[in-house]
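Chain nomenclature is as follows: A, B, C, D, E and F, assigned in order of appearance, with residue numbering initiated at 1 for each chain independently.
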Amino acid sequence: MGKKVAVFRKEHFNAAHRLHNPDWSDEKNQSVFGLCNNPNYHGHNYELVVQVTGEPDPATGYVVDMKILSELVQEEVLNRFDHKNLNLDTAAFAKLNPTAENIAMVIYDLLRARLDEKLDLKIRLYETERNFVEYPA
Amino acid sequence: MGKKVAVFRKEHFNAAHRLHNPDWSDEKNQSVFGLCNNPNYHGHNYELVVQVTGEPDPATGYVVDMKILSELVQEEVLNRFDHKNLNLDTAAFAKLNPTAENIAMVIYDLLRARLDEKLDLKIRLYETERNFVEYPA
Amino acid sequence: MGKKVAVFRKEHFNAAHRLHNPDWSDEKNQSVFGLCNNPNYHGHNYELVVQVTGEPDPATGYVVDMKILSELVQEEVLNRFDHKNLNLDTAAFAKLNPTAENIAMVIYDLLRARLDEKLDLKIRLYETERNFVEYPA
Amino acid sequence: MGKKVAVFRKEHFNAAHRLHNPDWSDEKNQSVFGLCNNPNYHGHNYELVVQVTGEPDPATGYVVDMKILSELVQEEVLNRFDHKNLNLDTAAFAKLNPTAENIAMVIYDLLRARLDEKLDLKIRLYETERNFVEYPA
Amino acid sequence: MGKKVAVFRKEHFNAAHRLHNPDWSDEKNQSVFGLCNNPNYHGHNYELVVQVTGEPDPATGYVVDMKILSELVQEEVLNRFDHKNLNLDTAAFAKLNPTAENIAMVIYDLLRARLDEKLDLKIRLYETERNFVEYPA
Amino acid sequence: MGKKVAVFRKEHFNAAHRLHNPDWSDEKNQSVFGLCNNPNYHGHNYELVVQVTGEPDPATGYVVDMKILSELVQEEVLNRFDHKNLNLDTAAFAKLNPTAENIAMVIYDLLRARLDEKLDLKIRLYETERNFVEYPA
């Protein structure tokens, strides 16, 4: 059995969002989500780190070609979410609350579908420098 | 004449915005502002560095008390702009295009009005890690 | 079984400390701990990253509310250690050597006691940008 | 059984390198490695994070003494690779393609041979801020 | 007279180089430039910050369009220096020693020639996180 | 007249300190300096950026040799302040309140006395990531 290496590619996108549960009253939304419930939205510079794990190809010394990985993230993630309003402009968050947790899980599914089965995938997403998430944990 | 020291305090706020000139057609706005013209807004983690220059008080060794400076920024800047939609939720950008340049100039005016005349003021504002502005230059 | 996400909250505190083993001679302490054994103390800006892992609540999309987690860290960690002399001002390090390893383990115990059993906890503590620890490993 | 803590030490080195597979034609090398195949080399500031995991010694509170770990990295890694051309100046990459994956695996082997068997080792290597690897995964 | 704002755009490139004065003996070069004189080159991740100062255009709120500035840097700087050996692959450093000071002055001249005369220009160049330069001072 | 370039060297030191004015009552000290007045001290990782401005030497392309500048900072600043209690262990702050402003001015005087008169000097000192100072302003 070969030796596994994890490779990481960092990308970023800027987006507006609002945290809101449509099954709740305005009061409950306000009380749970506070400032993040602002009906006119606020926004973030999201920093995304995509981690791909596998055995390096002996011919290249690469687990994956970072250029190809970066293009895949551009295609599946940045084209969908960069400079967008997550709640209004994207199918993924039309009904799903765009918390960092949910955004990371959605990005995982988008990239997992495009990645070789032999490779493991993990997503780290920074909403701010002080708040970030990782999926799967 | 005394010796002047500059002190810097870093704060941050998250906001949604959209770049748009209402005197222009949609086509011209789209062509000039590109993705930043998205009618549903996008957003940023703004990093704000407030620079205050003056002579340290011999009794304290402080140019200004950083706690007081931080509270002033909270009051005048963060309470106004944090978790807001700059275009929709703030008087300052109801008609003024919220570019980084204009946001820095607005923050300068808000803080200048509250600061001792003997102190000089400069604003640095990061819209992203790669795009930032300083006023006055 | 649900899907687990890890969420991270970064906080910081500033403290003085000294590394010292009271069972050893001054010579041995000096030889093992070097500059860190200075009897008059030195200090650090500690950066603390608290990692909490669990299943997101379907109603909120949160593993934990970051505001509540941040308040818990304020209460249990920052109020105890920020702007303190770890050796002289804290019960935790009255007898325990305040290495980064031990500080991380103490913080783990303080937060573990306050956190829901269903959630996993990990502590990362930066003593400097170049020296940091993680517990449990 | 004791409690394990991971400690991390960050170091850096600057080096030139070129990605190239001598079994391939120039065309294939150029097509696979692109700009990184430049025959005259390019270079990086490599940031290296060495992670060592074990039980803290009750007498010191240390998993390992960071000064000793830093000296070991100096001896085995920096003396070999800092301010070198990895392809031309080092035995390790005379025949092995110096991708980040392979550099991390080589550094692991160099340090593993010098570290107490009770301690676990992991290497994280940043080639740029946006591209990095970890071994073992 | 209008109000001037400085805008900053951060870019990066990776390159190999060697410090060497052909008028000196090998001994003198070795003694002055040390490790940086390695005949086989070493390399860096250069971080470049381009500062442009002027009055914001009232119609856009921009001093310069960051997209256009970024494309100009791509054309004049990155295409010339990224993934290159500065000494061997570039006309600018065929005879000029590629110190950070000289690289910053060369980049200034390249961009100055392409920028509107009404705009002021300053270059900041990081050779490493700990060594950087600014021109003009 | 030649062209001036500024070069910057970043170093760091860790120290304990306490803010206190011996001419004031304990109550007044507590009210002005708050947590920073803790009689048992607290501490910081100070990041120091030394800026030296002058004309590059045509023979080397250097304003100053960074190795020599780094050694000068080691000798005059780090040996005096690193892993020290600024109030108790240093002559400079035996009577002078160790605010960031005063520390920067003291470091300026120490380095100014050792630097060629043709070179200009400026000090930037980070007490935390969010609080820093520059002298002269």
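Quick note on the criterion: a contact is a pair of C-beta atoms (placed from the backbone, for glycine too) under 8 Å apart; a residue touches a chain by one contact, two chains touch by 3 or more.
Small disclaimer: the values here were computed from a predicted structure and weren't measured.
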Per the touch definition, the chains contacting both chain C and chain F are none
How many degrees of rotation bring the Cα atoms of chain C onto the matching Cα atoms of chain D, given to the nearest 5? 120
Can you check how far apart chain E and chain F are, centre to centre, with Cα atoms defining each centre and the answer in Å? 28
Chain B to chain C, mean C-alpha position gap in Å, rounds to 34
Two or more other chains in contact with one residue: find those residues in chain F. 129
Is the chain-to-chain touch network here best called a line, a ring, a star, complete, or other? other
Where on chain F is chain B touching in the complex? 19, 21, 23-24, 32-34, 96-102, 104-105, 129-137
For the complex, give me every residue of chain B touching chain A. 12, 14-17, 35-36, 38, 40-45, 82-85, 88-89, 128-129
In the complex with chain C, residue positions of chain D that touch it: 3-11, 53-54, 56, 59-63, 65-67, 120
